[in-house]
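The structure appears below as structure tokens.
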């Protein structure tokens, strides 16, 4: 419920921003809010778990982690591409996670996919085992296992506390 | 000068698209082509962003949004078709 | 500005949309359709009289004056066709009421037919070339759906061809539009005409004109009629009759409108070509009409012959010929619908599609048999039925232009028409009675009513041609004097 | 191994909101910047398509129990009605006008009939696209 | 630019024609799609190409590109979308009933 | 050179950098041995390139007109959110539709769970 | 007024009879019908003196005044002659039919058709307006069709009906063309007006054509060679019909036309040649063929053909005065026409009598086959007498009216020799004489083979006796008049034919000159010797008939005109199907190819020959490098579509194309288009993928090389043509576009996005309809998938 309210506000704010008006206008916000209600009404049956909004800081932290990983991983890939002789051994390996909810699993998967040279290919039905394709399996295994705990921590910070 | 830089960037992006199109033609597998198509879409998105700077207009910003959305939807649709032969199931197994 | 001008298109459109909400209420649908058609006919008559009395009526949509907005222009030519179309459509609906099963009604058959009528009426009335394209599409889309309605192997197969060919035609229409916008920079037909008259030169324009000629020829079934026999064969009778009566007419109308109003630069090329194509159409249609024993084929090629014949009027492009063409045009609406309905009824009664498998229907259905006889005479243009007056005037026009060979060809085509149906009449209507348990025992009232009404129309239009004469003369007057049209659309205040 | 779509489904929940918002934005923005009823409708439909691809028709149907044919027809009816209304006041068919209406809480607002017209367009587009897609994806009985 | 565009359109038309003349239904449908691309670009090219600003009055002082062809194309795009959708489904229904997607096998027996 | 112009320059440079990055990742699309590795190039470098380009545009408009373009921000978020999902789905689809791993690949943990099709689909 | 009522009365009766026939059960419906011609005949007689004195009666009734369509009726000598025949013979025939047709037949139909026919026929002879004349002309064909097909359960009836309808209606339509040309040249539809304004100066090619067309019409109806073939088949009609339509009246409509139009067309010498030669050939051919017939009705049919030829040739010969001098100096030539009109009457009397006689035989004996008939003289003496009188009259023997006109015919053929128009004219009397010999032979066959000889082969299923008195009245009246006319021919000449002559020669003054005194005996002249020769040779040939009849068998079946006609219809169907199947192959590829080829030939052909190609490389929008790269990708994507090995690849390529197009829209400052294109493209792609689930993967196109190169050629040509025209149009800038107006969108419509404002306001109607199109497409997809008509209601596919 809280989550929906939050989203509703987000939409209203978004609306205001989209309108690009000179000053903050309450009526604009209200219009956005109404539209939000409309959206919520259309969507209200799709919701799973509730969501807590107080974790702004942890979200930002997570976001930065995300960005950092993205940049690093890109650099690694680019380096590989640019190296005259490509010396890689791709492959698929598994990883067991302790995370529970869909949101957590998703977040982790997204992070993993953006990590240097690894893409989540499958998740088992229970959601605990990831099958990960790595561009260079030897190096990736080490990297992934190293960063995995940090990721899980950051995510749980957002979702569990 | 800035315009020149931007135009060079545009050419680079266009080259990326040319290369990606080579992948579309070459394949060899279907997913290769879809990856390439996705790349083309995403690069076009960058191009539109640059073009709107060059033209000094914000008229294309909606195009950017839509391009992002649709290239995502397209990729999902193709993947699902490859994976299951059907993109909208009547009743999925889960 | 007269809002009524949009009504011929709007009434069927509105009712169609409303009927979509009531798809399962078949009775209600029928009432709605009847209401719409009667209202349409009344409106059309009113408009026709208004046009006669007050001159060309226009409607600038949204109040945006020509050439900037879209304009609907009701002149006598358009209104005569719209009126005839709606009367014929009413009859087709009456026929449909007892032949289309519940399933068809529940699957939007009636709204779709109304949509098609709306498209047709819109095409007749619009004064904007791009809007003509859009109206065409409304009509075409509806026809696509109607032709496929009900499915089945043969039907789907033939509709596929119909759709593909029409897609190509629409494409060519757009190419033509691009070219005409590139050359003349406008879309309003009156404005186009005015600009053409200003330069009065230009093989470029003739090239564009030829593109449009092909586009409309495709729709009209002028020489490029390959899509026609197959696609008229497969739908349900009532729908096929509506097709037969309306579809090609829009193309013919467009040819008449554009080639008297806009593309008048090099008539020695364009109109001669139209004449040659019309003759070729008549000849090829004649071959088809006598080459088959499949009733539906015979009907299809008869449509083709009619198309060629009407367009001879445009070839002659002279007052009497145009008047004749208009008469024959209206006649063709009525009698082709009647032909479709009658052939459909024969198939309905016997379940056979080849006429040599049917015999002696007149023993069980005397009224029907005699209607068929009269229909045959009317189709062959024998006086005093409606075809004659048109044929005669067209003949006068052709004589006036010294086009004797064309005249001979045109007139002899009515012998082919007569022969193609005489065979059917003598074999299937006359002859010993057919004792078949498969045969339906009676023809439902509304089917009979539809055919009788059309018969009354064809007799009425023939005997009472005097009533239509002032309107037809007015219509031909506008066709021969484009400035009247241009004046009415672009300078309504007389400036 | 069965397919676990948890990533897709979770992300799509967010994405669909974004798309819906964009669609509504496009709808209102059309008069001044690119957009308008048609694009808005199509984007809205894309959102729905995304849902259908991610979930399945049954689930979405439960979520959106709408007969899209009717939606489309309503759209067309709305567009036509916008055209007819001015004729009742002696104006030409499809004459667009705007007026100021006082809304409680919101205040004075320009209500243009173009908006209604565009709404009709948008509804039709959504209705038609959804009808088409649902018909195709359900029609597999031969 | 116009020259290049017209050449591109020419290529489109040629390819589309070749596709239309092939036997396979999907090829034909792709051909129609390509045809419509070609004509949309044609309308745009023949209207004044790139001769002005984006036709948004509030943003730019003008002169603007010719907006009318754009509006026409928009309408044309929508219509061709509607037709393509219908044609696709029709193709699949034809395949389902006639058991072939080869148009040469769809001639029909009544002509034999 | 005022602050705005500096902003614009930065934006231009960012965009140029993005375009080069994109070009390099495009070469990856050619050089990589199989679809899985190619998708690494696409989902990571390319995504980053696009995001950089959008950031550049955002910066430009911010510097040029002093406006925060919500649409661009939204676009960035969107790409950020969807690119990895797309990569994940393509790879999964590729594997499930039977696209083989490159020859030099090492272990394949998925092999026992998803029976591969006999040969690559054409 | 008489003319109007004469036309309307039978028409009303024709309508009333089928409506009220169930009320009349007590007596034969024929009595009701009989009243009509009887009353009319009497009424017409009342006007006879007035007409004979040269007066005319006319009346008009406006039908479609806007197009000058007026029912102008006109009663003059010629029409009076025909009208009397129509009503007089009509009355006799109906009287006869009362006894001939039993009440079990569909009498209401029979009399309806018959009266309808009477209307038509009277309409033909009374019409002054060309179009009205045509109208009634066609009506006679239709009524004849219905009467021939009266027993339509018989195949032969239907065939005969079809044949007569086709030939006479064709003739009619051709005649209509002639009328239209004539009216156009003379600027009037009134025959009287045309006659009064035409002169030798009017001769031109159009009028010549009109003449040919009118003659064609007349010849078809009057069963002139080679159009006579319908007449023998028309004998399938009930015998009263044969007596009425196909000998006495309808076939004479052509004669009427020729007589009526003589003052119009005869200025042209061709008229003389065509009419008299066709008449003579018909005369010969009919008599020649009549001899070999076994069916009495067929014999009579050919004899009718022959006699019509005789009348026709006489009319032709009589017309010569117009062409040679333009004014009449020598009245002698007009005597041919007089003979023609006289023989017209005579023929009606004896042929009517003979047909009725045959009808009696058919009715009482049950056969008309000469091979079975014989020895009836004792059983049916009255019938025999009728046959004898009719037959001898037809043979041209003295004591019977046929003798008089036959003599005049011979004289005319001899007189025409003096014309010196051409040496071949010598053949005229020769042909006339030969044909007369044959005529003599078949008349003897008719009379003697039927009533003399053995009666062995007669049908035995009934007792043969003389016909009832009612059935005999009409033929007896005719037989009596045959003899009466022989003795008092001048009554006819003075009161009827004289004024008719004036109609044919309106310019001759005084017209009494043209009305000779007919005398049975006029000395030993060439004509009489010819007649004696006819009798002598005729008797010899008749006696030798069994010896030379085998001659006819030598004529191969394939040479007959009938065979030709049947072949024509058969071939028409075969050729029609062949030609149509040739191009209507059912292959959509072929159809598209035709259209493309047509497009390339017509548009391309014109484009090339008009030398308008122009290309302007200046004044173009600038190109950026990235745009070129994009276009290369797009061109590549397009071409790659051709080579894609799988449909999915093609769709990906199509997606690239769609994105490219959207990018071009961006480049061309069309953000709305780019947006729309993008969304539409993706939805289309989704649709492709959706429907791929139900469609097979495509296989490699296997086409012969020729097909491939043909396709390639067409594709390249189409592409090149579109390019060429586009270049030319781009270079053509006479006018500014109207879009400047839309730049006031904000002030006018309150919209800043011009494109959107156009769509939503300036051209909102387009948008509204476009939405409708979408809706229809949606419904269409829905019904395509969801609605399949149940098996029972499917099309009838076999």
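The chains carry the letters A, B, C, D, E, F and G, assigned in the order they are written, with residues numbered from 1 in each.
The definition used in the following text is that a residue touches a chain if its C-beta (ideal position, glycine included) is under 8 Å from a C-beta of that chain, and two chains touch if they have at least 3 such contacts.
Treat the numbers as computed from the prediction; the structure is a model and nothing was measured.
Participant: So which chain is the furthest away from chain E, centre to centre on CA atoms?
Facilitator: With centres defined by C-alpha atoms, farthest from chain E sits G.
Participant: Taking each chain's centre as the mean of its C-alpha atoms, give the chain farthest from chain D.
Facilitator: G
Participant: Go through C-D and B-E and name the pair with more C-beta contacts between its chains.
Facilitator: C-D
Participant: On a C-alpha centroid basis, what's the spacing between chain B and chain F, in Å?
Facilitator: 10
Participant: Between chain A and chain C, what is the gap in Å from one C-alpha centre to the other?
Facilitator: For chain A versus chain C, the centre distance works out to 62 Å.
Participant: Measuring from the mean C-alpha position of chain F to the mean C-alpha position of chain G, what distance in angstrom results?
Facilitator: It comes to 80 Å between the two C-alpha centres.
Participant: Please work out the Cα centroid separation of chain B and chain G, and write it as a whole number of Å.
Facilitator: 71
Participant: Got the chain E residues that touch at least 2 other chains?
Facilitator: 20, 25, 28, 42, 46-47, 53-54, 56, 58-59, 68, 74-75, 78-79, 82-83, 85-86, 89-93, 96, 103, 106, 108, 110 - these are the residues of chain E that touch more than one other chain.
Participant: At least two partner chains per residue is the criterion; list those residues in chain A.
Facilitator: Within chain A, residues 14, 18, 109-110, 120, 122 contact more than one other chain.
Participant: Note the residues in chain G that touch 2 or more other chains, in rising order.
Facilitator: Those would be 581, 584, 586, 588, 592, 646, 667, 669, 671-672, 674-676, 679-680, 682-683, 686-687, 690-691, 693-694, 722, 726, 729-730, 737-738, 742, 751-753, 759, 761-767, 770, 772-777, 779-781, 784-786.
Participant: Which chain F residues qualify as touching chain B in the complex?
Facilitator: 8-9, 11-13, 15-16, 18-20, 22-23, 25-27, 29-30, 35, 38-39, 42, 46-47, 49-50, 53-54, 56-57, 60-61, 64, 69, 71-72, 74-75, 78-79, 82-83, 85-86, 89-94, 96-97, 99, 120-121
Participant: Residues of chain E touching chain B in their complex?
Facilitator: Against chain B, the touching part of chain E is residues 53-54, 56, 59-60.
Participant: State the interface residues of chain G toward chain B in the complex, per the touch definition above.
Facilitator: 624-626, 629-630, 632-633, 636-637, 640, 646, 648-649, 652-653, 655-656, 659, 662-663, 666-667, 669, 671, 674-675, 678-679, 681-682, 685-686, 689-690, 692-693
Participant: In the complex formed with chain D, which residues of chain A make contact?
Facilitator: Chain A residues touching chain D: 7, 11, 14-15, 18, 27, 30-31, 35, 38-39, 42-43, 45-48, 102-103, 105-106, 109-110, 120, 122-125, 127.
Participant: Quick one: in the complex, what on chain D touches chain E?
Facilitator: 32-34, 38, 128, 132, 135-136, 142
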